[in-house]
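Quick one: the structure is below, and I'll ask about it shortly.
Here the chain labels run A, B, C and D in written order, and each chain numbers its own residues starting at 1.
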Amino acid sequence: MLSVEGLSKSFPGVRALHDVHVEARAGEIQALMGENGAGKSTLIKLLTGVYPPDAGTLRLGGAVIRPTSPRHAESLGISAVHQEISLIPHLSIADNIMLGRQPRRFGLIDRRAVRAKARQALARLSLDLDVSRSVAALPTALQQMVAIARALAVDARILILDEPTSSLDEAETLRLFDVMQRLKAQGLAILFVTHFLDQVYAVSDTITVLRNGCLVGQYASSALPRLELVQAMLGVEPGAKGSAAPGGAAGPGGAASAAEPALAARGLERTGVIGPIELALRPGEVVGLAGLLGSGRSETARMLFGIEPADRGELAVNGRATEIKTPRHAIRAGLAYCPEDRKVDGIIPNLSVRENLVLALQASRGALRVLPRHERDRLVQHYIKALSIKTPSPETPVKLLSGGNQQKVLLARWMAMQPRIMLLDEPTRGVDIGAKLEIEALVRSLSEKGVATVLISSELEEIARNCSRVVVLRDRKQQGELAGESVTPASIIQSIAHQKEAPPDA
Amino acid sequence: MLRWDRRDLPLVVTAVLLIALYSGVLVCYDTARSLRFLVDLIKGNAAMGLCAVGMTFVILSGGIDLSVGSVVALTTVLVGTLVAGGCHPLLAFCIGLAVSVAFGAMTGHLIHRFSLPPFLVTLAGMFFARGAAFLVSMQPIGIDHPVLDWIVDELGFALTIPGLDRTWVPATALLFLVVLVLGVILGRSTSFGRNVLAIGGDRQAALLMGVPLGATTVGLYALCGLCAGLGGVTTALIDSAGKPNIGAGMELEAIASVVIGGTLLTGGAGSVVGTVMGVMITGIVRAVINLDGRLPSPWHHISIGLLLLVFIVMQQVLIRSAPAARGVEYGRHS
Amino acid sequence: SREESEAARDAQKPASSAEAAGRKPKALTEIVVGFSQTGAESSWRIAHSKSIQAEAEKRHVQLLFADGQNVHNNQVNAVNGFITKGVDVIVIAPQESVGWKPTLKEAKRAGIPVVLTSRGVDAEEDLYETVMVADFVWEGRRAGEWLAKQTNGKARIIELVGTPAADVAVMRKTGFAEAIAKHPDMKIIASQSGDFTRTKGKTVMETLLSAHKGEINAVYAHNDDMALGAIQAIQAAGLKPGQDILVISIDAVKPAFEAMMEGKLNATVECNPMHGPLLFDTIDKIVRGEKVPKRTIVPGQIFEREQAAAAIGSRPY
Amino acid sequence: MRGRREAWPLLGLLALLLFNSVLSKNFFSIVERDGAYYGTPINLLNQGSEVMLLAIGLTLVIAVRGIDLSVGSVMALSGATCVILMKEAHCGPLLAAFLSLAVAGGVGLFNGALVTALNIQPIIVTLISMVGVRGVAMLITRAEPVTHTDATFAFIGNGHVGGLPFSMVLVAAVFVVAALLCRRTALGLFMEAIGDNERASRLAGVSDRRIKLWLYGFSGLCAGIAGLVAASYISTADPDRVGRLRELDAIFAAVIGGTALTGGRFYLGGTLIGALLIQTLSTTMYIQHVPSEIEPMPKAGVMLLSCLLVSEESRRRLVELLGLKRWQ
């Protein structure tokens, strides 16, 4: 239905796409794969008219199209969910879903109908939210769902989803796949980007692989074994990079046990928001926080880091009672926090990669003790290499990097601090498989050096792989704890589900 | 069905404080205890208030328009010169409005097309319109026409509140009220209003969500031009004159009213209803100083500053301490 | 219509202080006077306010003072406030002459007499009781005549104009132009606005002195403040004000006299701000129901350098 | 990169100067007298010093997404305080100047405190101080211009050091201090981070509130210095008229110099160029005898042209229009 021929796009200093051919057929789900910075999002932005292409033609049902703006693309029947959640924070959920296509009565917006339609759109994803709330107050995952609901609410012929599942947990992901299958049956062409191989094989019919802006190939999913897919994406023998492949993880955290807790929370609580939390984190230990969407994992991390400080309970760092009322207190105590929403809480978009990377370190040194130039360069070089951050130069504004690479810059910012305690909220969100393994390896090597880590992830595999202990949250309260051998995805799910009297919105 | 929305909190707080302020004035000054005081308040702030309505939309979109004061002046001299030259006043009004709308649209076009900062473009616009006003007429011109006299003297209605008093509501006050209502509707119940909020909330996201940035931006500034033009027509009516030097500083007053009404200068949140309250608040504060009549000049400035300061601080303190505000921090984009 | 509704209102409030048609005679001490002043933009204006405030106090009149902060609309609002309040007399020192008609009509409807001071308005004469002004055109003409005499009709002049479109500036310009029109060798090289302020007077003069080096031999400033600024600029350029370049201005405030005593300013045409006594005499007559003339010219005179020392002692402002 | 950014306003300024030197014969002529230089370019620097001082302070405030509309009034206040202290409290000029700068800085800190502690929008806070502070200035001078002649005091706005106006020395000093503070320490990085994404900077441990507070204080201080220059220039503290609408000039200077009102990257050098651009524009109007009434028109034209010149987007469009394919 949609065919892309010879598409190219360059940005100053980067060739983002070069002579790419893609074919999307009606009634088919196509996965778009590639490393961070391979050009997936750029391809999507060309399809939706955000950027004009340098060369190439787009055909929709045989006719040549030249989308000039997202609005135009939408009128052509191309609907998209972009990688960075694009919603208007102060507007209500209903307004966000229906923006630009509000039902009217007597020429004016019929607000009742807007709400009803928005509710319908959410219902397709089995969500029941108060649609008059503003989206800014929603957790990231729900924002993502709202963005998806918005894309589904139009009569599109082509649906494009750029990493829709990066902040969703399993249940939400399954619901999304359900809807995708239904739409596919209705004859839509669906283009889908993800870094999760399981998901690719779960839903997609064909797989298109991009590498460094060039097309590697378009394959039928059934005909492409995993190993070959990874090989196509990375361009190397998978063995070289993927040595620490899933499953082969050495049980981490074994070394640390008897030492004094690096962080101990006793009855820590923010009234009406989260808690009470009991947590003891020993040096070198990686503790996972698990729970459903909105269970309060992020809130726990934010409370520990003093963003929304606790108003009750005690906190001790390295055995000393410590009060953390602001992020600065937390940093001084040796904590680091990699936030979940990188666009809002993480990157400083117009500053360079270098500046973003050294910001926290410099802030902890104060304004006067400037990090020497060579030291800065060394750090930046080191982390660009260690995390394989793909950037034209350290001076590039970070907003021009691909989503995954932005995430790596943020991680590097905090690793450069050499913290004693790390709070990582979805650190691998939007990061490609190769880099994900590298990040996990980094976390492990830090933990070997005695850094204690709290890891929040919607991917239970990831938690199971890395954590020696898992704290389970539900309804913004601590529910239980798993340790040692019992840390497996299945047991975590069971622990979350077990204490559930009734499913929330059935 | 009215539902309580946390985002309306600033509005409610502002309304409560406005009522408190007004009640205080009623208690302290017996001359304020008349309908006429209220009508004077509306009439006296009609021109600035009209500008503020247009300004609300511009600020909601994350922009700013410094040219409104000059556009008011330009409109008044255009009307004055045309009427003096034998043109029918109503036609003169239409021409004046057409020019101000075109001026606004041009501003919006420049801002959008060349992605220039609104501050610079409208500052240049402020100078340009001022110069143009002087070009049209170097000196103030009186406007004399039976139609105008009729509008000023006869158009309007007598308002009576039984047991209280009876007063005349002139056309200028009516115009302001009508534009207000239209502004509220435009802001709340049209897709234009939503699009403006979206652009101010997150420009990039708005683009990705298919908001027509160009049309909306041009429309916004044209709307603001229209409101300033209406402000000019009102001023011409109230003064029976066209003056090239009027309206200096009106832009800042209008911006102040908008912001006091709870609209974020960074865009994305706020409302015309808030602006109306902002206009009333600044109007009452000024009126109080005059009602009192005992203050020497320096204290006029100081009292206005102090009263506004107390108001704003109370507004903030109340908003922050309200129980509903807890946890708002989570998603606050500032 | 409106008239009926106003009548109805008045009928409802028979005890309203201003009884429309037949005003009851009153004594000055019984009345409330609302005074809408332009602002506090110059020494002249401040002296004007003070004179009126001091006189009110002296005669035990209750005076409500509203500072318009140089914004016409503020003044209109203040006057409307006075009408609502029902004062006995309204005194207006208008920022601008144009734009008062509807407001004055309103006052007339409410039966409140209006006295204008410092500037007239562009409206029918029956809308106000009287106007008390200096003759701005005369002032400009007088300055021009003086300069013509001093320079024997040969001068290259810088004119420092007041705020654009302010009618004082317009009239002072007109009067001066009239006077020098008779002398073909008197030329205005540049006529720029100094906004009635010292700073801009100095800035403009500095710039023009550099641009027209050696060409200028006279400065005519629309008020003393600008002249004082210009004098500083002349000195900074290494010239002697009052000697190399003649300086004449209008207003005759105290600092101008001091400058004349130092020989830096050649002459100043008086524009008398002390309207207080005359104003309250007039108000007294009005409230007692006597007739007053429609227009009172507050007379002025020209002061030259030589008279400065003698006159300064008696200058109240 | 920074250098490139400032090249465009500089180009605008040079064009304007070129225009002047063609149209008016002795525009660039400078004479020496008693060891000091005189002439239009020198006047330009001296007269432009007020806006430059204000604009330096404002640039820093704008960088953290703030604004300070009170600077014009603070000018009036500091001038008034200084003159009254000398005249009525018989303070020495240095002590008086010092105290009035403290007052000006205090007003700035007050603004900063309201913005940071109570989270009130900067524009409204400073608009209120703009009105109130003007009133205080009028109060202490009893609403009249107060003249005071004192050689030391007069030196600030009229004196010469090494042949150049002392006010320029002040500007240079303030500029160097600001530039050193921002570029030789990490303050500039923090400011740009705060202006670009305040939440993220706070999470990275930048003490955004404290930095903002001090920046408002600094802006007040700059306005205070400008106020002293203004009062000294005419040996008079004029509480009503000094600094009126100057804030708009100063903001214009900052914005044309490349600093965006939305915060983030800031360019102090560009700001100075912008301030000079404005001053040159006014001077041009005087010299070319543009009637004061229509003076705003050509001013608007030049402003718009320089905006277009500075905007990358418009340059791109121009290139497209001229049919030149590739740019750079």
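Keep in mind that, in the parts below, a residue touches a chain if its C-beta (ideal position, glycine included) is under 8 Å from a C-beta of that chain, and two chains touch if they have at least 3 such contacts.
Just so it is clear, the structure is predicted and the values come from calculations on it, not from any experiment.
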Chain pair showing more contacts of the two, A-D and A-B: A-B
Gap in Å, rounded to a whole number, between the CA centres of chain B and chain A: 44
Chain centre separation (chain B, chain C; CA means) in Å: 32
Residues within chain C bordering two or more other chains: 39-40, 164-165
Sites on chain A at which at least two other chains make contact: 344
Residues of chain B touching at least two other chains: 134, 138, 244, 296-297, 300-301, 332-333
All chain pairs that touch each other: A-B, A-D, B-C, B-D, C-D
Residues on chain A engaged by chain B in the complex (per definition of touch): 48, 50, 69-71, 74, 80, 82, 86-92, 95-96, 99-100, 102, 107-109, 111, 132-138, 150, 272-273, 299, 308, 344
Parts of chain D lying in touch with chain A, wherever the complex brings them together: 1, 184-187, 189-190, 192-193, 196-197, 199-207, 264-265, 328
Chain D-touching residues of chain B, taken from the complex the two chains share: 62, 66, 70, 110, 113-117, 119-121, 123-128, 130-132, 134-135, 138, 244, 252, 255-256, 259-260, 264-266, 296-306, 308-309, 312-313, 316-317, 320, 332-334
Chain A to chain D touching residues, read off their complex: 12, 305, 307, 326-328, 331, 337, 339, 344-351, 355, 358-360, 362-368, 370-371, 395, 413
Residue ranges of chain D in contact with chain B within the complex: 65, 69, 114, 118-125, 127-129, 131-136, 138-139, 142-143, 198-199, 248, 251-252, 255-256, 260-262, 293-301, 303-304, 307-308, 311, 313-314, 317
